[in-house]
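Two complexes follow with chain A in common, the first pairing it with chain B and the second with chain C.
Up next is the complex of A and B:
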């Protein structure tokens, strides 16, 4: 049985606990074991925290990585932002000078990170380690839904010169494995606006989120699937915030793991979907 | 040893990779002004509200910069070794000639400090490229940038 250290980050426990529940359910079905990361902290934020103080940000990341390394396990993350932060930190910690500098700090709290583990996005684990066929075997309720896909910017992070579409394509194939139809548009790649919402909310709502929602509405999708809780918050809270500007939308937005759990036949009430601020519970009720 | 002009480093922007997240603007403003404000960025990404394609406006550090020619105070110089075009704020008198002369308005007038300002290439490690998840912004040689621009143009017209 393959085992991973599950890194939940901040947003999933606070804003999207249903994604954690769904992950535990689908890992159980797929015979993947989860190790808890006791004492983990914020990853921290992939851009802002690194901009503010690289050393503090890297120390926090390395400390998180050391928790998984102590258990000899790779980290799996459910968030694009956490992926970029921890993946970048893991790469930086491979440099001798950086590793020495950060480990001197970690030594003060009795920790050390040797750079021996990998940071894996949930999409890579499900697509690469489990495989599409094994996922399809677990689908008890094929989803006859039309779904839009929102990749999220940090999902594109690869080694320089790498194929930035590797993980997004895996993500689409995982949605299709549930029996749902992925409906594409010319706006799939566009950022949801979460990054600029932190500095200019109105701009992010009107120039990123609004055109995406308008296009989804035109296409008549049943919902939009994400692999990042920050994107989820932007889609859900953003729909509510857009009402201030007279734009009313009610498009369900859910995480890939929740979609898989529903397709695997997990009852909606076991997923606490009511934490969502978009009509995900209603979407789940249609699946039955 | 002086680099040949074709080997000098510039920013290469690929709109097909851009997601319009504007993290580049946030990263630039933080590096140059210590604040998180896209308005204070030397690079700007625009999203076409009909086609939803992105385009960036940033200084190309021209081989023969018109901003240098337009400056009445010789406040703008081009480093012949690196190729980077920079503004000396101590010499700038805030006349805005460079902002009008530049065909893409890459230099802009900073109301707070009353001087013109622009991309300084972050001493060779531009923050905008460093924080671009989809690698839409990268650092490459001028020759590479020209080759990319030509292939992009040919792709569009073929």
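Up next is the complex of A and C:
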């Protein structure tokens, strides 16, 4: 049974515990084992926290990596932002000088990071380690849904020279494996606006979120799938905030792991979908 | 009296309130001292025949630095005192050296410093037309970090997360069959202590002006 250290980050436990529940359910179905990362901190947040101080950001990331390394496990991440931060920190910690500088700090709290583990996005683990065929075998309720895909900016982070579409394509294939139809718009790659909302909420709503929602409505999608809790929050809270400007939308937004759990036949009530602020429970009710 | 002797003099007479002392260049001695040590340090220097020159008040945003300048046998001795702007108050030395009376009034009027027991407080250098409560050289008391980063930085230093989990969410997590709190650093006292130690080691909390007692960034409006 393959085992991973599960990095939950800040947002999933607070805003989207249904994705945490779904992850535990689908890992169980797929015979993947989860190890908890006791004492983990914020990754830290790739938009604001990493700007505040390089050394504190990198040492916090390295401390998180050391928690998984101590267990001899790769990290699996459910959030695009946490993925980017930890993945980039892992790369930086491969440089001798950086490793020495940060490990000197870690040594003062009795920790060390040797750079021996990998940071894996949930999409990579499900697509690469489990495989599409194994996923399909678990699908008990093929989803006859028409779904938009929102990749999220940080999903495109890749090794230099690597294929930036590798993970986004894997993401789409995983949605398709549930029996759902993935539909595309011309602005699938446009940011949801979560980062810009930290600086100018109105701009992020009108110039990022609104055009996406308008496209989805025109295409008649049943919902939008994400692999990032920050994007999820932006899609859900953003739809509510847009009412202030006279724009009314009611498009369900859910995380890939929740979609898979529903397709695997996990009853909606076991996923506590009421944590969502968009009509995900209603979407789940349609699946039955 | 040479620079080394002045250093020794200060070390001997203000052992508790002396944070650092050195000679940044010839004919100059710089000592950083606690606010409570200013009178003892002044008495020490005056006792050796020093002459008070001036107080330069420099507002750094979160703190005001008072630079007390003395001349001791041709050497400039600077006593640097940092006052937190939460309570920018220090005892007067005007009773020890009358020349400090105007210097203190100037610092009080320009930088909002309060000199306790000043013999003759009051208006000195700024225009009478200036509205009350205006301190021309006082900078805004606000965090050193950009506004948008402040809440995130404060949360990360305090709990190791961008947002602490609320009691409502704890309850809802438990109802959903999850542990009320995830295994994050904020769920464990020893783990959170370790994170605080790490942040202190990076010196970030000091540079950002984090108050460990109040668990707040200094200068954040309530």
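By our rule, the second predicted complex is superposed on the first by the 287 of 288 C-alpha atoms of A that agree within 3 Å, B and C clash if a C-alpha of one lies under 4 Å from a C-alpha of the other, contacts with A are read in each partner's own complex, and residues count from 1 in each chain.
Keep this in mind: contacts are C-beta pairs under 8 Å (C-beta built on N, C-alpha and C of every residue); 3 or more make two chains touch, one makes a residue touch a chain.
Source: prediction; values computed, not measured.
**Student:** With everything superposed onto chain A, say whether chain B and chain C fit together or clash.
**Tutor:** fit
**Student:** Could you look at A:48 and tell me whether it touches chain B, chain C, both or neither (first, second, both, neither)?
**Tutor:** Both partners, chain B and chain C.
**Student:** Which of the two partners, first being chain B and second being chain C, lies in contact with A:38: first, second, both, or neither?
**Tutor:** A:38: touches chain C, not chain B.
**Student:** Mind telling me which of the two, chain B or chain C, contacts the most residues of chain A?
**Tutor:** Per-residue touch count on chain A favours C.
**Student:** Per the contact definition in the header, classify A:1: touching chain B only (first), chain C only (second), both, or neither.
**Tutor:** A:1 sits against neither chain B nor chain C.
**Student:** By the touch definition at the top of the document, which applies to A:154: first (chain B), second (chain C), both, or neither?
**Tutor:** first
**Student:** Looking at the overlay, does A:105 come into contact with chain B only (first), chain C only (second), both, or neither?
**Tutor:** second
**Student:** A:211 in the overlay: touching chain B, chain C, both, or neither? Say first, second, both or neither.
**Tutor:** In the superposition, A:211 touches chain B alone.
**Student:** Applying the touch criterion given at the start, work out whether A:191 contacts chain B, chain C, both or neither, answering first, second, both or neither.
**Tutor:** Touch partner of A:191: chain B, not chain C.
**Student:** In the overlaid three-chain picture, find the nearest pair of C-alpha atoms across chain B and chain C and give that distance in Å.
**Tutor:** Value for chain B versus chain C, nearest C-alpha atoms: 5 Å.
**Student:** Would you mind listing the overlap between the chain B footprint and the chain C footprint on chain A?
**Tutor:** The answer is residues 48, 51-52, 198-199 of chain A.
**Student:** So in the complex, the part of chain C that touches chain A is made up of which residues?
**Tutor:** The contact residues of chain C facing chain A are 145, 148-149, 152-153, 156, 160-163, 165-166, 169, 172-173, 175-178, 181-185, 188, 190-191, 194-195, 197-199, 201-202, 204, 207-208.
**Student:** In the complex formed with chain C, which residues of chain A make contact?
**Tutor:** Listed in rising order, the residues are 8, 10-11, 13-14, 17-18, 20-21, 36-42, 44-45, 48-49, 51-53, 55-56, 59-60, 63, 105-106, 108-110, 198-199, 270, 272, 275.
**Student:** Given the complex with chain A, which residues does chain B contribute to the contact?
**Tutor:** These residues of chain B touch chain A: 17, 19-23, 26-27, 30-31, 36-38, 47, 49, 51-52, 54, 127, 131, 133-135, 138.
**Student:** Chain B touches which residues of chain A in the complex?
**Tutor:** Contact set of chain A toward chain B: 46-48, 50-52, 84, 151, 153-158, 160, 164, 186-187, 189-191, 195-196, 198-200, 207-208, 211.
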